[in-house]
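Each chain gets a letter, A, B, C and D, in the order it is written, and its residues are counted from 1.
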Amino acid sequence: MNASAAISELAIANRIIAHLRLVDSFGHITVRNPENPARFFMSRARAPGLVTKEDILEFDLDSTPVDLRGLRPYSERFIHGCLYKSRPDVMAICHNHAHELLPLAVTKTAMRPALHSAAVIGYEVPVWDIRDRFGDTNMLVTTNEMGDSLAATVGKGKAALMRGHGSVVAGKSVQDAVFITFYLRLNAEVLIKAMSMGEPITYLSPGETDRSGELHSEAAAQGRAWEDWCSQAGIATPSLK
Amino acid sequence: MNASAAISELAIANRIIAHLRLVDSFGHITVRNPENPARFFMSRARAPGLVTKEDILEFDLDSTPVDLRGLRPYSERFIHGCLYKSRPDVMAICHNHAHELLPLAVTKTAMRPALHSAAVIGYEVPVWDIRDRFGDTNMLVTTNEMGDSLAATVGKGKAALMRGHGSVVAGKSVQDAVFITFYLRLNAEVLIKAMSMGEPITYLSPGETDRSGELHSEAAAQGRAWEDWCSQAGIATPSLK
Amino acid sequence: MNASAAISELAIANRIIAHLRLVDSFGHITVRNPENPARFFMSRARAPGLVTKEDILEFDLDSTPVDLRGLRPYSERFIHGCLYKSRPDVMAICHNHAHELLPLAVTKTAMRPALHSAAVIGYEVPVWDIRDRFGDTNMLVTTNEMGDSLAATVGKGKAALMRGHGSVVAGKSVQDAVFITFYLRLNAEVLIKAMSMGEPITYLSPGETDRSGELHSEAAAQGRAWEDWCSQAGIATPSLK
Amino acid sequence: MNASAAISELAIANRIIAHLRLVDSFGHITVRNPENPARFFMSRARAPGLVTKEDILEFDLDSTPVDLRGLRPYSERFIHGCLYKSRPDVMAICHNHAHELLPLAVTKTAMRPALHSAAVIGYEVPVWDIRDRFGDTNMLVTTNEMGDSLAATVGKGKAALMRGHGSVVAGKSVQDAVFITFYLRLNAEVLIKAMSMGEPITYLSPGETDRSGELHSEAAAQGRAWEDWCSQAGIATPSLK
């Protein structure tokens, strides 16, 4: 995939995450430049549901824009730059406030996968609390220092919850980042309801998480969802192979 | 903004709050006349999803109509007149029965913000119970005395829950009133689920509330949501700046 | 209103209750023949969302069809006939399985109004359990004896929950029956969430129920919702007066 | 019904279960070949919402494809083959991850019917845990040994929950399999909410389950839902008889 194809896919991903309500008017998804790993692509500051290719800007890993073209960047671009810097394996990142997972973000409950398709979130999703290190802030990740702190919490994992805010997800591709975000939210919804029932929860074992996570990271699984989501969001795609 | 532009924006806001289901067939949003702070604009009694510019009437701060043109006014216009009277800084008000926040209105739980975007609701949303002062009523705010009582509960704040009824939200602009209402509802939903889980909730600190509230009151944040909501509701808008 | 107008309104009501998801593929709404109080109109057995004027049949108060025209009647028409017989003031009835109120129907929790607009359900909604008198059945109300038993539980009230099944609502008009059903469901949803939170619930007082119930039974309130629901369901209506 | 008609109905059923969100991008529904009970029809691996007649493949009861035509089969086809083998009365099977029933699948709560229309699920829906016999896996049913184990848990019943995964439903026809799946999900939703309320649940008695289950297995009931679901999913159907 070259840079131009990556930008096209990123525009589609914005449309999809809005359609699936993984984001509301806020949140953002980015992709590392496949032609230059020291750069990433991100929309200007705009609701994801409205983003087009023309809105996409390029940033370096300090989250400095290469050329703003007079547009306003997202103030939280540091989430992305810092995580790309610390994780060369990560090719796409989605920061979201998916409404259904927020109850876990306000209770500081670390999340583990209980669903086979949610194995892609990894063994446990840690909670990052900006207040622990930065005290009273406006809650946004607006500096490289904050971004580095969040990236350290993500560590080698797939995601972190952000206390009082939402989550961040790291994928090996744009489709992977959307897929993980979708099943992170579903896992949260299911856990919240199960906790409300007061019944003990059976989580996936580490072995199940490894094996089911690997399976659901393959193109066969993720491509099936992607074709479906494109169709739901009214986006024409080449047929499934 | 002149009076005519305020009326246009008010008609759009009616469409948006209906589309977002912040109101059902009941509830209303108003704007202070920018050309005359002793007057406000409000639709005739009609479901917000159907309101057009032709439905908008003008009232003085006693909630007396300037010219009814044969139309029926909302009986709860006193919510608005009294709050505009007590709060010169308030330029728009939304009274709603958003279904998702009603569980808090029947349990008399005072709400505090737990989400960064909900910082706009202020430190705590008090609950006003019409029965405390007025005994058994039909639950509607239909006199200036009742409206003054509710306005006193709102005080210098952004909102109040109304026991067994809904909420009222005070904004510095139409967009602000809609934004606060949207995140008031989301904060309620998240708290209700978190309480059901039986986990301790981490609220925003007062400092976080101040800083995140200020940030989310800016045009950069609110304009992004407004552009998105207009698009979702099928309303053409000038492009985002 | 003559019989022909009643039939037209009944067809519209079927469309609306399906659009509002007050019914799924099952459930039914009926209207007493305004030209002959010993008869009522009801669709043939069909999902409410598909009912047209051509599907409407006439029944006497024993729920015997006047002329089936080769069509299949609902087997639960006795719910309607028996309630019209016992309650001359009732002009329309809605039997539904609205999904959101079913948790109350499986826990046998008698429901009281906690929301001002739900005052129309009356002081308390009793639960009728078919098993109490009829033992093990297929759960359907398929005889006049069963219908009389259910009507006795409704008594002079507005509604009854039916254990393991749904609810029945009695209105003074088609619009009233739909309005009560809508707010019965909302009241159920709100109570279920409030109970899950474990917080004490503040119900409307009897005086509030009387006064707010009367207010929300007026054409001014119900007509506003009706105009809105017709619009949402894509039904052209004369403008609001 | 001949094989060609069965394939047409299966394509429609795929569209319907996607529209009703009984499946997301995963899950599958199959039908036994009415012309050869040792074979069944199933789509190639694709999101159900996108399946057309051209995607349908034929398999024997070992889940070996008769002719793949270069297409990729679902890896979990063994769920279907093994259940058709053990249950000559079963003509259609739906495997799904309906989101709303998943909280029961992660708590290993055996489900009983509490709603009259859910009597079609039988007295109790057992939970199958792949780990009990197969240890750490990727959670998918990808061998005949696994499929036989799941089929043994279903036994003579209508369904089984699959721990951490979803459910499988066995019907006497395609319409029956969809109907059971729909009300299995609704029963799960209602039980989850009722458990959250902390109120004791009244389940259907065995006699009620038998009688209401029989009634809701008849063409009169299921055809009414089918006509409705076809209409909702935009599928033209012959008129209801």
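Methods note: a contact is a pair of C-beta atoms (placed from the backbone, for glycine too) under 8 Å apart; a residue touches a chain by one contact, two chains touch by 3 or more.
All figures in this text were calculated on a predicted structure; none of them were measured in a lab.
Minimum number of contact steps separating chain B from chain D: 2. The two copies, chain A and chain D, are related by a rotation of 90°, based on C-alpha atoms and rounded to the nearest 5.
The distance from the centre of chain A to the centre of chain B, with each centre set as the mean of the Cα atoms, comes to 32 Å. Chain geometry summary: the mean Cα position of chain A and that of chain C are 45 Å apart. Residues of chain D in contact with at least two other chains: 196, 198. Within the complex, the chain D residues that touch chain C are 114-117, 119, 186, 189-191, 193-194, 196-208, 210-212, 214-215, 220-221, 224-225, 227-229, 231-232, 240.
Chain contact summary for the complex, chain A toward chain B: residues 24-26, 45-47, 49-50, 72, 97, 99, 102-103, 105-109, 129, 131, 135-140, 163-165, 192, 195-196, 198.
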